[in-house]
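Two complexes, one shared chain (subunit A), two partners (subunit B, subunit C).
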Partner chain A sequence: MSKIKENKMTYIGTIFMIVLILSGIVKGFMESLKRGGWNNYRNLFRGQEFYDSLFLSLKLGIITTVLVGLLSLLLIYFLYMISNKYPIKRVRILKNIIISPILFPYIVAAFCMGMLLMQSGILGRIAYRLGIISQMSEFPQLVNDKYGIGIVIGYLWKTIPFMILMLYPVLEKVKDKWYDLGNIYNATEKQFFFYVVFPMMKNAIMTGLFIVFAYSFSAFELPYFLGQTYPKTLSVYSYLRYAKGPFEERGEALAANFILTLIVIMIGTVACYFYNKLKQREG
Partner chain B sequence: MRKLSSQIIVVIFIGFIIIPIVFLAIWSLSTRWPWPLLYPESITIKWWNQVLFESKGFYLGLKNTLIIGISTAIVGVGLSIPIGKYLVQKKSYIKSILEGVFFLPIILSPLTITLGLYQTFSKWNLTGSMIGVIIAHLIPCLPYGIRIMKISFEHFNEKYLEQGKMLKASKRQRQIYIIFPFLRPGIIAAFHLMLLISMSQYILTIFIGSGKIQTLASQMYPYLNGGNMSIGGVYSLLFALIAILMLLIVEYILKKYLDRPVKSKSNLK
Partner chain C sequence: MKKKKVLIGIIALVAMISFSACQSKSVKEEVERLDLSTATWEEIENQANGKDVAMYMWGGSEVVNHYMDDYVLPEVKDKYNINLKRIPITDISDTINQILAEKEIQKENGSADILWINGENFKNAKENKLLWGNIVDKLPNYENYFDKTASSNTLDFGLETEGYEAPWGQAQFVFTYNTKYITNPPKSIEELEAFVKENPGKFTYPAPPDFTGSAFVRTVIYETTGGYEDYLIDLTREEFESKIEAAWDYLKRIKPYLWREGITYPESSGKLDQMYANEEVWMTLSYNPLHSAAMIKSGQFPDTTKTFVLDSGSLTNTHFLSIPYNSKEREGALVVINFLMSPQAQIRKMDPNHWGDQMVLDPSKISDEDHKIYENLDLGQSTLSLDVLKEHSIPEMKGRYIQYVENKWTDNIVKD
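Right, the complex of A and B next:
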């Protein structure tokens, strides 16, 4: 009896989720064809703006992911170094401070970055005080700029803590279980990190970075606040067209949105494929 | 020397993370803060007063946020335990596809699903209602819950259950005294994460709530987007504070509830 009940819950939950997710994606696709049909896609592919937006989204996603990967690895390495010297409780406090940006929504991250990096922002004021610049306009444009520097820094502020949240438990567990073994074999701290801790973190790192990439590629809050007017990222382009544009253009907005979804799913499938292959090879 | 350098680097990272929060706090206390001053001209609690005592908007948003967040997390935990268990039990082709589908909302930003979902929900008359928003919030939340519960079940050793059986524990007793205490850290983590994700949803709430359902995240948006930024700062800090508070409360309640001592019912004494 309870077996059936348990299965029922599983089925209900599974079907519920699938219906919800697919209704979001499929319905979006159908609506994109409703007014104007395939012309929506044709128009989209004909205009230059779509390609510029797509390129910008990809660029920001890739730069963010590479930087997050490098910096979070650096940080977890030094956290590991510190954890060898200090009691675990103190390291945990440090970790909790580091992951605190998780408590704020993305819009707050966007606001904070604006406050910090704008020409009239805190960094500009510090530069003025130090005599590096003598006028507000001399401070380099870091927000709403050509290169998306503000957006990338905003993503770093939000996603490095996310990576640490994923990696720190692995660090503690590995140290707990294997540290003595490392001592027996006379491994230095560095060796222990690179030959024991890092390989065990690989899975978490890959998953985390993939989530970071997909999210920074398709999210809209940070580029909406901190991006420039042209080119916009694909997500902002689609959102603005849908929410603020004329009613007839909604089809095109949904078309852009569907392409965004499709790209993420495609990248996800490819990543999954290579991930499984890697796993198989390792046995 | 090496010890010192690793400390310095960690301190730099912590500075990078904390400085925005500190300035958020200063901003929420300032009236005028012209360039190039490093600190505001005067400090005031006016904005905090205004948000906390002079209007009801904040409390309405807080109420909605908590109702939506807690309901989402409860339903989410309820659904992710059986699904997580199912995903661990046996390997099959369907299951790997299912896992892919459950992974989708994690990598897709809410925006991509929202636009289509809005069309579906308006057909079902779910837009503008609390239930609609809760259901919509389950989409970004549930995948995390499922992943956490799956990891929990992966570490579960069936032998404990056999031992329970050997000691003549009924099915219910085994669930309450063996499975639930084992899953406790997973349940707490899943609840936390789902609550937090639901609380910080912005675009889903705006669309599916059709502007009628105000949550803290949707309330702070106009302030941060060029409105009164000091009030935006107050909202952001209150948001984080409430999030921390909720996490502590949830942890306390779940620990108390899931850690009931085993009452001996056997008559073999």
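Right, the complex of A and C next:
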């Protein structure tokens, strides 16, 4: 009985989300067809800037997701190893410190990264004062740079804590329930992590990484503040055209935005499909 | 089951109440609206008494917000019993969009009563018929203190205002430099080129469509193609684009000597200011001649900061106040705008301690007493004298052209 009730509550939530988000997407799509119809899309596909922007967005999204995946796994492994030696309370404090960047909005992250990493930024000035470099312009270009290093660092700083937030509860739960079993089978700490903990985390890792990708692929703040003038990411390109461009071209700006949404939905569907297949094979 | 019924009952009740509340509101409004074409100023002031007026304005500047919150809001409450609400926004074009959306659904009592606009936003609003009408003719202070023939009051980026907006303040483009590194600032665009080439990496400008960066590119256009006069007349897009070729050549020539070899540009004037404050670059740009004085005061810019304009002139534009067509409180909006144009409010606005925005009324028309205060304002050591600024003031080009420039800049300058 209580299960049905719980389900009902999630239905309400789901309907609410679908109505709000779906109506937003539909409205955005309709706006993208205003003043020009499909020509908005045709014009967009004709220009080189759209492809350059799309490529950059994809590149940054993929690099960020891969790095976040590797680094957050490393960190959670590190937390796991520590939790075998120290009392759980201390590990939790460490975890809380690690996830603290979640508190800051992205726009603050972008600003801080700029202050810290620009050539005349905090690190640059420290290096200059210490005599490591003789001129501030010798400091490596880490923001507004060719490779998007600043953007990726910004995303790592914000999204690794998010991954730890997702994964840490799994770690604790698994340890709680299965650790003794591991002992019975005489598993080493390493073996226990890779054969018990990691497989149980797969679900959370997949979901988390998809969210990280969807975000880093389509977010605006970091690439706006830390990106290069050309090419811009698709989100920045779309926003600037919408906000600063002429009214007649707003359809094109929203068309770019709609394509951004479509790609995220597509990747989500594909990820979901493969994930289910994987599950079936294992199950 | 019982709970469900109670819940449905509550929802129905709430719906009914809100529905009836909506109805009574719209009836009330029809009764209260004055015919403003015939109303006297006194009637308008009486009608405004006790009303809430919402002013939508860019909220990104602390000094502007202070001027509004600490001075204007209490004054209009005190003088006219108007509850002025400052609605801070990041970009007035968002508000224009909102009003456009309100128009599409025929919402007759819109959320905004006063808009702070100019340039492209005014053009978009006017062309989409989002503004109420000729408001300046109703304002006593416009009648008494303004030079009604001055182009700075009637032209907004080459577009006739036709009274749809009332002048509030003025901005002028200046170069800001650090005397620690530069003793003789350039006087022409050629001298600027020489400076940039001698000091690679120490100059750049914000990437258009940033407002200040775009103004710098327009300055280059005026300077390299023979002045502003030709850009106040109607040119076709092709004519315009072929006319400004020399400006692109110039920007390409200086590009390799800019900050980061001109491969990337600061995305906003705020970033350029930050780089200037860090002494990563030696010059920054501003569309407010008093900006540097305020930045020195707050400790962000070095004391060695000064400003200059090029000999052949510096871009000047006026910013205005307007009333949307669907404003709920037009009378209140008129009274507030009239107050903002009064000598008292204008002089206070000019004081760098309070805002530092050039006044738009005609100094020769204000009382001797006010004139004295005006002349004795301390504008800060980095600011050029008002006479120099006025002498060098040149008008902006047509708003339409700005769009062409911004569109082409990416293609011509950063893409290759």
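As a convention for this text, the second predicted complex is superposed on the first by the 265 of 283 C-alpha atoms of A that agree within 3 Å, B and C clash if a C-alpha of one lies under 4 Å from a C-alpha of the other, contacts with A are read in each partner's own complex, and residues count from 1 in each chain.
Throughout what follows, a contact is a pair of C-beta atoms (placed from the backbone, for glycine too) under 8 Å apart; a residue touches a chain by one contact, two chains touch by 3 or more.
Here the structure is a predicted model, which means the values were calculated and not measured.
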item: Which superposed partner A:I107 touches (first subunit B, second subunit C, both, neither); value: first
item: Touched partner set for A:G36, first subunit B, second subunit C, both or neither; value: neither
item: First (subunit B), second (subunit C), both or neither touched by A:K244; value: second
item: Per-residue contact with subunit A, leading partner among subunit C and subunit B; value: B
item: Which superposed partner A:Q141 touches (first subunit B, second subunit C, both, neither); value: second
item: Touched partner set for A:I211, first subunit B, second subunit C, both or neither; value: first
item: First (subunit B), second (subunit C), both or neither touched by A:V264; value: first
item: Touched partner set for A:F225, first subunit B, second subunit C, both or neither; value: both
item: Where subunit A meets both subunit C and subunit B, residue numbers; value: 120, 125, 136, 225
item: Contact set on subunit A toward subunit B in their complex; value: 2, 6-7, 9-10, 12-14, 16-18, 20-21, 23-29, 31, 71, 74-75, 78-79, 81-82, 85, 94, 97-98, 100-113, 115-116, 120, 122, 124-126, 128-129, 136, 157, 160-161, 210-211, 214-215, 218-221, 225, 235, 238-239, 242, 253-254, 257, 260-261, 264-265, 268-269, 272
item: Residues of subunit A touching subunit C in the complex; value: 48-49, 114, 118-121, 125, 136-137, 141, 144-146, 224-225, 227-230, 240, 243-247
item: Subunit A-facing residues of subunit C, complex; value: 91, 93-94, 120, 124, 128, 201, 207, 209, 260, 263-267, 271, 274-275, 278-280, 403, 406-407, 410, 414-415
item: Subunit A-facing residues of subunit B, complex; value: 2-3, 6-7, 9-10, 13-14, 16-21, 23-24, 27, 35-38, 78-80, 82-83, 85-86, 98, 100-109, 111-117, 119-120, 135-136, 138-139, 142, 171, 196, 199-200, 202-203, 217, 220-221, 224-225, 229, 232, 236, 239-240, 243-244
